[in-house]
Amino acid sequence: MISPIHIITLTLGTAFFIGLLKKLNLNISALLMLVAIAAAGTISASWFTAILSGAANAEVFTAGFNPPYSINLLMGKGEALITLLINLAGFLGGVYLLKSLKERGIYTMIIYLVFIMSLNVIVMTRDIFNLFVFMEVASIGIAGLVILDKSSKATQAGFKYLIATGVIAGILLIGIAFTYYFAGTLNIDVIQQASIINFKAGSIAVFLVIISIILELKPFPANGWGIDVYEGANPGIGAMISAASASAMLFVLYKLAVLVPESFLQIITAIGILTFVGSNLMGIKQSNANRLLGYSSIGQIGLLTAIVGLKPFLGAQFELIAVSILISHFFAKAGLFWLSGIVKKQNLKDWAMLRQKPYLLVLFGIFIFALIGFPPFPSFLGKWELIMKLAHSHHFYILAFILIGSFLEGIYLFRWLGFSIKMEDANLPPLTVHWNKIIPVVLSALGVLGSGIYFGTITEIAASLKYIPLLFIALLYVIDFLPVYVKNTVSIAGIGYYLYTIYPDLEGFKLIFGLIFLAGGMLTLVAGYFKTGTRKGFYPLVMLMFAGLVGLIEAHTTFEFFFAWELMTAGSYFLIIRGKKSMTHALSYMLFSLAGAYLILAGFGLAHIGQSSYALDILASVQSFAPLVFILLAIGFMTKTASVGLHIWLPGAHAEAETDVSPMVSAILLKAGVFGLILLMLNMGSQFIGSFNIYYALAWIGAITAVMGNMMAAFQEDAKRLLAYSSVGFLGYILFGLSFMSHLGWLAAVSLSVVHFMFKTLLFLAIGGIVYRVKTKEMYKMGGLIKKMPFTFISVLMGIIVIAGVPPLTGFGGKWILYNAVLEKGWFFPSALVFFAGIVAFLYCFRLIHTVFLGQLKDEHREVKEAPFWLLLPQYMILMVIMLFSALPNSLLKPIGAMLAPIFPEGALEWQGQLAKSGFGYWNGQVIMYIVGGIFVVVFAWLWYMNRNAQKVKQFNIGYSAERPSLPETTHFAYNFFAPYKKALGFLVSPLITNFWDSASEGVHAISDKVRRIYNGNVQTYAFHILAFIVVVYLIIF
Amino acid sequence: MKEDFKKRTVITPEGKPLEIDPVKDYFSDARPKVHKPANPVIEKFANWARANSLWVLGFGTGCGAIEMRPLMTPRFDAYRYGIQWRPTPRQASVFVISGYLSVKTLKRVVRTYEQMQNPKFVVGLGSCTINGGMYWDSYNTINRLDHYLPVDVYIAGCMPRPESLLHGFEELKKIIKEGRGEGANKYAEEFDWYKANQKKVIKDWDMPDYNW
Amino acid sequence: MKSLLNNIKSRFSIKDVTEQRSNLVFIDVARESAVPLITYLRDYEGMTHLVLLTAADWIEENEFQLTYLLNNPEQKFDIGVRVRISREKATMETAHHLWEQVATYQRELKEMFGIDFPGSPGVDKPFILEGWDDLPPYRRDFDTKKYSEDTYFPRPGRESNDPAEYMKKKMYPNEK
Amino acid sequence: MDFGFKHILYALLTVFIVLNYGLILQGIVRKIGARVGRRYGIRWYQPYIDIIKNYAKRSTITHGVMFYIAPVFRLTGGIGLLLFMPVIFGSEIFSNFSFAGDLVLVLYFQFFGVLGMALGAAEGGHPYSAIGVSRGLSQVTAFELPLTLGVLAIAMQYQTLNITEIVAAQQGGFLSWTLFTNPFATIAIMFSFLGAMGRSPFDVVLAPQEIPIGPPTEFHSGLLGVLQLNRAIFPAAKLILFMNLLFGGATSWPELVVKTFLIYMWSVFVGTVFPRFRVDQSVRWFLVVPLTIAIIAIILIRF
């Protein structure tokens, strides 16, 4: 084993060597520099693996004395890891900066080496004066590297950096002097034993030391200089500051944290949280990529600072939490800075350039998701553990602030991602990439992925996760170049096989929702055959969503559930953003999902208090705050079911999605929320706040959602938007049914879920086929298509009869059960709203079929063909099932009833053949089908006989007495179809909720804008900020 | 011809040009058919029903329209004779040409008449429909309605009083009951003659020969 | 009224002034001053309302006479501006920019008299006669009786009487 | 309950009786309207003649399949509504197919015909038809809300959705009718009934002369004949429904005739007195007056 001291000797020696041999070829110098850093890294790595496998920590004593008489270095687990990271960043950064280092000559390389070396020493040293010295060296190194960039911005940034670190160093030096005075030593371990914090002067000395380290970490709001440095510096240097330097300083803080009392740790936590929230808040308003990365870096470091402060409460999980979040930040931030250097455009909107090289977009996506903490990245685990531990230790405010900060971070990061995926890129220059710039980015992406999976395997709760679906996704990514029909077949086969393997384990709700998710997924995938070409990137994402959905079904623990939930969110986000004009909709989908996910996380955290296991049934025995847990989880799930108030993401997202994605995200994805609610209600049962039943509120929410969704649907001009709002309304019925907590209510809800899946797939595919043919979604631009697309017409007709709940089709069954459930339960007023919504559904049903299929065929659609076969096939498969369920209602309802019987034994339906009897009424779907069919056939035969010789006429042969129609578009009554209705009741759907969210987001933006004004770019102000910060913190502590 | 009835080229959703000839593409150009009376017994019964259920099209073509309104008032009360007004030609069976008929209106009248279903009856109201009346030498009003449509009953006068109108309806009933109300078939049989006459006066003929 | 006439006379060359009634005056002007005159009347003399625009066929003089009848709604009097134009090349400047509805009058005149108003919107569109292909029917050299007899299948046996003679004969058969 | 051939015969008998009753009712009501206006009015059998006349039309045109089957939907809706109800209480013959479903079925089956008719009318391609449908559907949504609440109140009151049981509960003197036992629900439902009958002031759907006659503008000849048959059966079926719900049902045909006639006269009376509402006005009215009463009914039942 090589002594850690050689990390220093190697790098410093190389620096001297290339300095001595000035004449040496620049290429060779660069190579030497990289080799030196690589060697240093190898030393760290070897120590890291050794210590992990049980070797003892190494201590290095310089000058032959033991501490406190000499400087000593320690190489423990932490030191090994951090130096490894630093050297890794140094190596990759060196590769990345190769060209600019060579351009600026040999001295830059020396500075770079010294900078890396000093960071290593900062991490390893146990002597605070030594620490100070090398911090100075590192500062000067950074400033030098920054200033060497030949732009005025860079020069200013370097200058500010020097001034700020100078001020901080002064304070640190004072602190060190006093500490030495009181403790009589500079060695950290000895100082700790000296317990100088027991008297005030001693604690002030420690305070000064610690506060200056914190200031080095750029706490909010005394961090304007840091932001300016990030903005002004070369992105390659920015990466070093953000990844390497910040990691080192964090470690220093961690190292010194042993010196301070717990009360001081709380302040550190508070500062960290404040920085996390504040930086992310300000990040929202940024449009400059590097500056935004700066805010994000500072925010993440703030979070890590807080974690250091929280160490006493995190117990054994501290290392996991801190390291996983640090590593995510390290790789992602370095990668992003490097990407920024490749793009060379500072405006976020110009990042649409990345689309020119799709693999760069993939890398970018990986970094963004890693930063936010999606699975399978390490920060996901870290965040989960952190929240669980915080909940355990009753740090609810901190928990809330961390989630808020993460959410704020999500806002700007996902907006950025959206820009790069969807923004107009017409006027952007071509993107050129050099190998030396791309390799570090790729390696960091691999690093973050690999470490994520590694953390997954070493962590106990994550050990049960199944990675097989993820492997399958990876396989699909590999074969992405193949044509659609191959990948489609592979995907269908994959899902089918998976369903086959897990089918025996499914029962009850899991069976029903498993079938909706997987069989439904196969069905909607069948439609995908109508696409030609390769459809790049589509199948891995679809499978990601389905992997998430199936994960929900299979989840046994809250962790698995949340893991699957996040996978599903990520997959569906990408599916949604693939649609046309879907940038903003995908963003709002993501933000609502993110907020929902954080609520769920918080809910699981609270539920976990006082529990040892993570199994899902801990929800059944929540120890404290049960109503709160319920509300958090319910709202979290309701973001997916798009209940009123949380629905605004849905219409745009569903309407703009691709033809066969719409049914996936509408008919299938929404059921994830329903499944979550069912799990929640099953486990937690009735919940009361005081004597108020929360379920009653849910019933109202469901009812209002139903009315509002249906009414909005009636007023839409866009066919897919209409269907999207109709989903909102229908999910309202389901929530309403669930809220009853009775046999019939749940029977209605579950059967409506199945029915909703069927008809919404049917309708979205049918309308998608039309849109595919006529190239517009505006219904008033269509009309008369029945003659061109009779098969599609039939499926839409059946679909709307089901939605409307008109007998004899299966939609009526749900209505009938709901009536009986209401009579049993007695919540009449929300019920009246639900029935009102049911009638309002007629409006949009009719509008859909009239304005699209009936009325006048337009000029340009005279030669339109029927929808593609592959879109019709799944529709007719579903139609057959609908007819079966309609004729034999007990084939659907009886099994669900049997499944519900153990949960709600009271009030089950009584079946006599196809006759269902409830406490109030009865209904025989089969007989109704026969009677209605019989009458229909008789009347039809008679009428047909009477008018068998009828003259067929064309579309304008209509009974005008005087003028006759001349243009189809002026004769087709379609636009604003329900104008009088809108006049009477339109106020009910005035966009209050949209306005609310709009003003909320505007408010956040405005605050962000106000707050960032404190950074005026003036170095004196920044120095003042630093001093004021110290004073304020001092006043708080003492 | 109105601009909208001329041929136009549109672009289909696939981006191909497509020529539309509105008159051909949007209107059926089938010729009218002769519907011979069925079995005499049934026909007698049917004629009784037709005679007692006269649904008059609410289309006032000229000044005589004002004479039709009082028929619905308590004073004349045409309802008691089975006469009702109907706003759409599809459902009406009697077309009252109320007074002078300008060429421009004639075009609409022909169109409307053809949209009514067989059997259908035409009542010429006032002298103008018989020989042009006071507009006999006008450059713009027709003189003899029966050259353009098969007329069942003429009611002379300028203007005839509502009583005469009622009398005319009674005459029409008699005609129908006797099975002589076959104007629609006559129109179909002598279609070419009627069309030639119509086209002689209606100069911008921008519709198919028969308006279904 | 007097002062108004004086104002006009001082500004435009007037051919003749006919005072029909105390509140109705006809002014004959040359073709080129007609539109400026009505513009002036509208803008400065409060004749904001166009009552009508009509034409008469002076076939003997081979001229059409156009009359723009304007009304002052405040002071309640009318002025008719009359202008003669040649029958051969029957064109006149359009005045639709003053009142939009003038375009409709001009369309009618185009159809019925064949007077053209270049620049008037839709002036060539058929107004009430659809597809008219003969001489414009309001021209006095158009023989409407002959046209009707040729076109509209006159019913044979129709007699025509001079109403005065006929009534006289009928009511006082004994008088000569 | 077994489903046998005799049920079809019984059903045909019921349809025949109700059809004739509906036609005569139509004729008589129009006669009464005429007499109120000091006219002699139509002959009471005029509806028969009109129907025969329409079937006797020799020519028909068709706009397409949906246009053709719309009247079928409509008439099926009307007959079905009738046959899913017990017409005469206590009579096995005239209970028809009421074993197939309860009140909820009847309420929702009303829409079968409405929807089919709307589709066919729209296929006709006539914009006035579509305007009529737009108005009709808007109005339906409005009066359904008080109706639903009223029906819930009644179902709550009798603890059943079975129409036969609801009628049975009202037997034994007129004081046990819902009219007296649950007056607010009755008022709310009777207001909704006005909308359901589509007579003035809620006849803007057909609005003769304004949008010719709304949805059926394009229908003629035999197609119109079918619609006319439905116009006899469908209102009669609705009258029977409201009679069953509110006025104690009927144990014999004469009782049915008297009760339904009087119920019908309510809408005739209102229609003769009040002029036509615009759609937005009628929607607002239904959601203010009858809805308030229905809410009162619910509150009274619940507390």
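Letters A, B, C and D name the chains as they come in the text, with residue numbers starting at 1 for each one.
Going forward, a residue touches a chain if its C-beta (ideal position, glycine included) is under 8 Å from a C-beta of that chain, and two chains touch if they have at least 3 such contacts.
Note that the structure is a prediction, hence the values are computed from the model and not measured.
Student: Farthest from subunit D in C-alpha centre terms, which chain would that be?
Tutor: Farthest from subunit D by mean C-alpha position: C.
Student: Where are there more C-beta contacts: B-C or A-D?
Tutor: Ranking B-C and A-D by C-beta contacts puts A-D first.
Student: What whole-number Å value describes the gap between the mean CA coordinates of subunit B and subunit C?
Tutor: 36
Student: How big is the gap, in whole Å, between where the Cα atoms of subunit A centre and where those of subunit D centre?
Tutor: 54
Student: Counting in whole Å, what is the centre-to-centre distance of subunit A and subunit C, each centre being its mean C-alpha position?
Tutor: 78
Student: Between subunit C and subunit D, what distance separates the C-alpha centroids? Give it in angstrom.
Tutor: Roughly 61 Å, centre to centre.
Student: Can you list the residues of subunit A that touch 2 or more other chains?
Tutor: Counting only residues that touch two or more other chains, subunit A contributes 951-953, 955-957, 959.
Student: Mark out which residues of subunit B touch at least two other chains, giving numbers and ranges.
Tutor: In subunit B, the residues touching two or more other chains are 33, 88, 90, 212.
Student: Provide the list of subunit C residues touching at least two other chains, using ranges where the numbers run on.
Tutor: Answer for subunit C, listing residues that touch two or more other chains: there are none.
Student: So, with touch as defined above, which chain pairs make the list?
Tutor: The complete list of chain pairs in contact reads A-B, A-D, B-C, B-D.
Student: In the complex of these two chains, what residues of subunit A are touching subunit B?
Tutor: Touching subunit B from subunit A are residues 773-776, 859-864, 951-957, 959-968.
Student: Considering the complex alone, what residue numbers of subunit A touch subunit D?
Tutor: 784, 786-787, 797, 801, 804-807, 812, 815-816, 819-820, 822-823, 826, 828-829, 831-832, 835-836, 839-840, 842-843, 845-846, 849-850, 854-856, 920-924, 927-928, 930-932, 935-936, 939-940, 943-944, 946-947, 949-953, 955-959, 971-974, 977-981, 983-985
Student: Help me check something: in the complex, which residues belonging to subunit D touch subunit B?
Tutor: Touch residues, subunit D against subunit B: 34, 37-43, 46, 49-50, 52-53, 56-61, 208-209, 212-213, 217-221, 224.
Student: Please name which positions on subunit B make contact with subunit A in the complex.
Tutor: Within the complex, subunit B touches subunit A at residues 2, 4-5, 8, 10-13, 18, 20, 22, 25-28, 30, 33, 57, 59, 88-90, 108, 111-112, 115, 207, 211-212.
Student: Using the touch definition up top, name the residues of subunit D that touch subunit A in the complex.
Tutor: Of all residues in subunit D, those touching subunit A are 3, 55, 59-66, 68-69, 71-73, 75-76, 79-80, 83-84, 97, 99-105, 108-109, 111-112, 114-115, 118-119, 122-127, 130-131, 133-135, 137-138, 140-142, 144-145, 148-149, 152, 155-156, 159-162, 212, 217-218, 221-223, 226, 278-281, 283-284, 287, 294-295, 298, 302.
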